[in-house]
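You will see chain A twice below: alongside chain B first, and alongside chain C after that.
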Partner chain A sequence: MQPLPSDLEAVKSLYKEKYGFSDAEDYVFKARKGLDERGVAEISHLKNEAPWLREYRLKALHVFAKKRMPNWGGDLSAIDFNNVYYYIRPSERSEDNWEDVPEYIKNTFDRLGIPEAEKKGLLGGVGAQYESEVVYHSLQEQWTKQGVLFLDPDSALRDHADLFRRWFGKVIPVADNKFAALNSAVFSGGSFIYVPPGVKVTVPLQAYFRINAKNMGQFERTLIIADRGSDVHYVEGCTAPVYSSDSLHSAVVELVALEGAHIRYTTIQNWSNNVYNLVTKRALAHAGAFVEWVDCNLGSKVTMKYPSVYMVGAGARAEILSLAFAADGQHQDAGGKVVHAAPDTRSTIVSKSISKGRGKTTYRGLVKVERGAERAKSHVQCDALLLDPESVSETFPYIENEEDRATLTHEATVSKVGEDQLFYLMSRGLPQVHAMNLIVRGFAESIVKEMPMEYAVEMNRLIEIQMEGAVG
Partner chain B sequence: MAMDNTFEIRDLRVSVEGKEILKGVSLTIRKGEIHALMGPNGSGKSTLSMALMGHPLYSVTNGTALYKGLDVLGLPPDERARQGLFLAFQYPQTIPGLTVSSFLRMAVSARRGLLVRANGDARPDGPRRPGQDLLPVKEFLRELKEKMAALKLDSSFMSRHLNDGFSGGEKKRVEILQMALLNPEFAILDETDSGLDIDALKVVAEGVNRLTGPNMGVLLITHYQRLLDYIKPHVVHVLMDGRIVRTGGPELARELEAQGYEGFRPSADGGEATHATPA
Partner chain C sequence: MDRHEIEAWMDRRREPEWLRRLRLEAFEAYERTPLPALQEEEWRRTDARRIPLGRVVLNGFRDGALHEEHTSGHPAGVAAYLESGPRRTGAWMETAYSKRGLILTDMELALREHADLMRPHLEGSALSLERDKFAALHAAVWHGGWFLRVPEGERIEQPIWVRSWLPRSHRFAGPRTLIVAERRSRVIVIEERESEPGADAAFHCPGVEIVCGESAEVVVVTIDRRGDDVWDVSHERARVGASASLTWIVLHLGTLARKTFLETSLEGAGAEARMVGLSLLDGVRQSDVVSTFHHGAPRTRGDIVFGGVSRDRGRSVYRGRIVVPRHARGTDSHLTHRVLLMSPDARAESIPILEIEANDVKCKHAASQGAIDPDQLFYLMSRGLPRVEAERTLALAFVEDLIGRAPAGWVQERLRERVAERFNR
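Presenting the complex of A and B:
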């Protein structure tokens, strides 16, 4: 049998054709490279921000400067913080009419198929971010009437300042980690969502993030508040051009699920291989609330991302589904964190990782049960699939349990694609790449099936692109 | 000269991990014929089936397997399948997460030249739309349901994962289901009777009998005579220590059943046993 295609160049060119193209730069404002007080103050000034937020940013910059780089996880030594553009404003304002979005940006999103799903009525609202700013935003009238807010942070700060300030930075404080501090200093774009008590948003709200410029740093900030008994599903996707120099993506995502609320947050990350993806995602789940992260990581150079749920109210639930695909030269360091801080809380973490070529996947997870979280229950399942002899997978499942009456279980498997499985499928007429695809898709199935159908189809196609490599 | 309607194996030698298992096997199957290949454990029966289908661990050191003027031994397994060769496995593999229907839709599309041409070239159709290279869902499902019903497989099997948690009998029936959908020209059935109770055996045998006909040649590999009560072979071969030691009609199977394999074993000097006169 021929060796598996693990040709990085071929994957790159497939990615490039579909997602990795770039536009000529025609920006309203592009900050100079590098990070200092003047640059941070400039962002705040351009956004007409209130003094409190300007101070917040500057304080965060100092925290960032003081914090050490993490000495665990992915290799971040090649990041040069002075060689990054921290802020690029592509257009004058965020539009709510697609036609008013600048032509070249519209073409980009058209090419990525972004407005399609909205036109078909499959979504309740759409946000599209290009570089540092949200260029388009819409929410169906049905939801605005019920008081749902779906805005970019600038608009939220302008029109709903009190609500925004009440929750902003509360779940993930500035000093949480170096990259959370960085985001707090220079954040721009992202989403702000508020769902009033009892309102159930039955169709997903979607945001799409696009990096275009070389050496770009994208630092969006997302804050979702689901008020008592409400329900919302947010979906985000992202892509970038293929460049030989690195880009940085460092988002902060804070979720608050108040009593009895349900938030599902689905990510389909599909960065090009030159992006450092260092994201902090955390949710607070109050009594009886349920938070789900469906986190799919494809592409990027290094990803470090561990969506978390702090269950602070009795009976809260958390479910984290993490899917990671590390192709040649990539490191996906992903997983999840659950903190049981109240009785009768339940959590599940399911991690599925696929390594191809010399790709490396790491599961890193924490289950913490605080004293008094009686009858807490947690189950962690980590499955790794290795496609090539040089593929790497590692698992770091941390457990901190202070409660005798908690039930914690953990299972882990590592498997290789068997020659016999491959032969079996090929003996039915399937070329090797197709056979391999089906095995990998099967492996990912339990997570992909949790997505709305359109996204599941897209997800399978993205896996196919990563798999196809040298074919064609 | 091999014709389109024969599958001709000549002097096939196969080694596994350096050890020679098949030591020169020749046999010719014509379309419309059912050949039974019988032999004790370790005689090389499964090696023959795996080598003919192209498993990478079975290295062919000598010989040819001619079909449509092609030596299939030089083709990758998927191309052999698209050319019309089929193997019903003794131990079908489990593929977690892959539903029977999505697998079969892709396999059938491959066999019918939609996914790739029979010779393995990609189809020159420019940018692909998802599903463009697959048999239309409706058409496929109609066919699938019909074939499943014939094998008494509940329609819930369509959405089950391939061989995952299937009983032995279910696995074998799904093998025959695949054969029915892929419509091969030459089929090898490797110990399809093993692990089946008598009712399951009948269902599987009926399935095979329905599929075979003037346009299909079959090589039925079995340890026991039992299967041959339900599927009537035209020719019976006895394989011992990597060689075919006897070839005859259906009566040969009964002879084996009566006296066991021992009498067929070649003598130590490599010559043929006294019973092993050519048919």
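Presenting the complex of A and C:
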């Protein structure tokens, strides 16, 4: 192994070197900072949208203005909504040939290693978003032939308006929360996926999100519909340059798993430490459907994100795996929500949080069982690992039960790295820094192992970067 | 109710100046504090606007009229006995103990005779006015209740028994309980709270304070059997000193609707506290309990087991917090919440919370909710027990696991008897 830098600055410079570089701005369109009706109408106009969507955006803007900031969770007091660029268009259109993507953007993604996996055939499709727009989108022929759609929302609205409109905003309504309203007003980019009945997409579809400009706000919108008996795995990753001023990322992700469908949604969140990451993610699981969220949060300044599954059909299943790592100056307020609204539904939430230095992790979760969800079963397991005396961990699980025939269990633990474990590894000749790395990786293992190999390798590498400087 | 009314009331009670000042400060806090809103996390599940604050009156209690001692019959096997209510009907104590300075008496009497002992605890009360409007109300108008003081080094083997009761005529009560166990003392105290049901809703706003001195060993058992017409907002708090140990057992069998705050502060190094709680809910009764274990010193240990059984339309909410600040190294704390739902209309919410700022800790919580195990039910029924009987047996078995954590013998018997009584209604 290469020698390890041992302080915070070193960690920052490592991130900066790998992901935190920035490009000169050479944009087709950059809106002015701030948020008002004119700006929202301008986005809609630039995208040549139908009147209903324009109205939808404007309505959402009013809801956003009316809703109060959450008085719980992370500290959002430093967000200045007037100091954010809500829309930046980096290129004229979304390309389906990598060669046609503007040179500097291509270089960025090359440097991040994004096209590699596609070339190797490990992915079924790739989307790449730079600032507000998707600059590249492709889907392997074998899937297009079977009727799978993997598009950016603008193309979906243009070519499949009925399908899009039928589900858009149905899982997460405008007024769900302040940031969902914000996204509904200014959303741009993201993914639209439709998998026809019975089609099983055997390789993951991947989207990669990149923020480049200072004070950028990225508001992508993702809608995935898995029709009856279909199967799809979506993976998203993200990075941003390191700036001294803050950026805002506020996505809305809606999943619909129809009867017997299976959706797995994997996130590797690695924003730089100047990004507020306030995301609403929710899935509807119909009868016999199975939805999995694998949600890993390593980056950002403050993350507030609670992927949820509403099980509305009998026998639906939900699994939420949440991994959070907060180093100095970070607050990962993550978790998950499951709502059992039908009989014989089952859910599992596993959360692993690691706090380092003055980092703070919060697990916030809800298990709700509605009356009539007979024989519903749910198990929640939250473990927190505190690496330093200043590290902070909070656990707020809510269990609300209206059904006497449901079985619900919850367990949580908080502890530090076991001295006996550390001693054992060090007695075998491992330096302390490697021993700590191993223990933390072991702690995260149950979630990391759920990822495809390539991503698991990447995850372990990211954990290692976060671990830099953990011991002096 | 205004300031003048309170001043006149205090005149009638001939209260000392320092207490008058405390009450007036609290009344000011009461007046400026709004009712807790439904948006406030701890009040989201109980609508404070429904609490019958209109019942609050100042002249409803004894006004310090009573002086004479009754020494009527007392139960066997106890060290001391007190009936606490608007009129005193019974008080008894083993002479040896009273000679050595054990005090068990009504608050009104205690204020006259033991003000010097109580003043530091009342002035430095851990029942914070700022907590909410009801805490301030209690601090302003409390009356009745009782005072127990166990002198330093006194180890009392038999339990101390207190019965608190309120007649139908009293639709408001705000009793204050103060238990002071001095250094190295040992005591088991069991209180049963009762009230006579009336035609309309009653409002109770009690406050309880338990002070465990260094190395004291204290067991406090509360059995609440008040009438099903009572709205109750109660603030109860224990402070546990260095190397002291507190076992706090709370059995909720009565009241229509309750909002109970149970706070345990482990203030000295090596302090230890166990809490066992049980809410038995039937009819349309509801219970909303917030318990907090605050680990304020190194090497403290906490263990909470809270159980709920809901029948009919009973609804229970339990919010249990474990708080470990940075300096509380070596904390070991567990919390378990278990719920048994026995009817389709019963509901329960569990909110176990960990707030940890130190890393040299072991903290755990667990929660489970479910119905009676159908296999166990089938087994009992196959042995000839009717369904109702089998269900009751299994529910009592669920409860037994909690009762088994109380001191064996007299206390456990009493708990069992009271639970069975409620179940058989």
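Here is the rule we use: the second predicted complex is superposed on the first by the 461 of 472 C-alpha atoms of A that agree within 3 Å, B and C clash if a C-alpha of one lies under 4 Å from a C-alpha of the other, contacts with A are read in each partner's own complex, and residues count from 1 in each chain.
Following the convention adopted for this analysis, a contact is a pair of C-beta atoms (placed from the backbone, for glycine too) under 8 Å apart; a residue touches a chain by one contact, two chains touch by 3 or more.
Quick caveat: nothing in here was measured; it's all calculated off a predicted structure.
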{"item": "Clash or fit (per the criteria above) of chain B with chain C on chain A", "value": "fit"}
{"item": "Touching partner for A:420 - first (chain B), second (chain C), both, neither", "value": "first"}
{"item": "Touched partner set for A:457, first chain B, second chain C, both or neither", "value": "first"}
{"item": "Partner chain(s) touched by A:351 [first = chain B, second = chain C, both, neither]", "value": "neither"}
{"item": "Contacts of A:441 with chain B and chain C, given as first, second, both or neither", "value": "first"}
{"item": "Partner chain(s) touched by A:429 [first = chain B, second = chain C, both, neither]", "value": "first"}
{"item": "Chain C versus chain B - closest C-alpha approach in the superposed model, Å", "value": "15"}
{"item": "Contact set on chain A toward chain B in their complex", "value": "1-2, 418-421, 423-432, 434-435, 438-439, 441-446, 457, 461, 471-472"}
{"item": "Chain A contact footprint on chain B (complex, rising order)", "value": "53-57, 76-78, 80-82, 86-87, 89, 92-98, 102-103, 106-107, 110-111, 115-116, 120, 122, 130, 161-162, 178, 182"}
{"item": "Chain C to chain A touching residues, read off their complex", "value": "39, 41, 326, 339, 341-344, 346-371"}
{"item": "Touching residues (chain side chain A, partner chain C) in the complex", "value": "71-72, 371, 384, 386-416"}
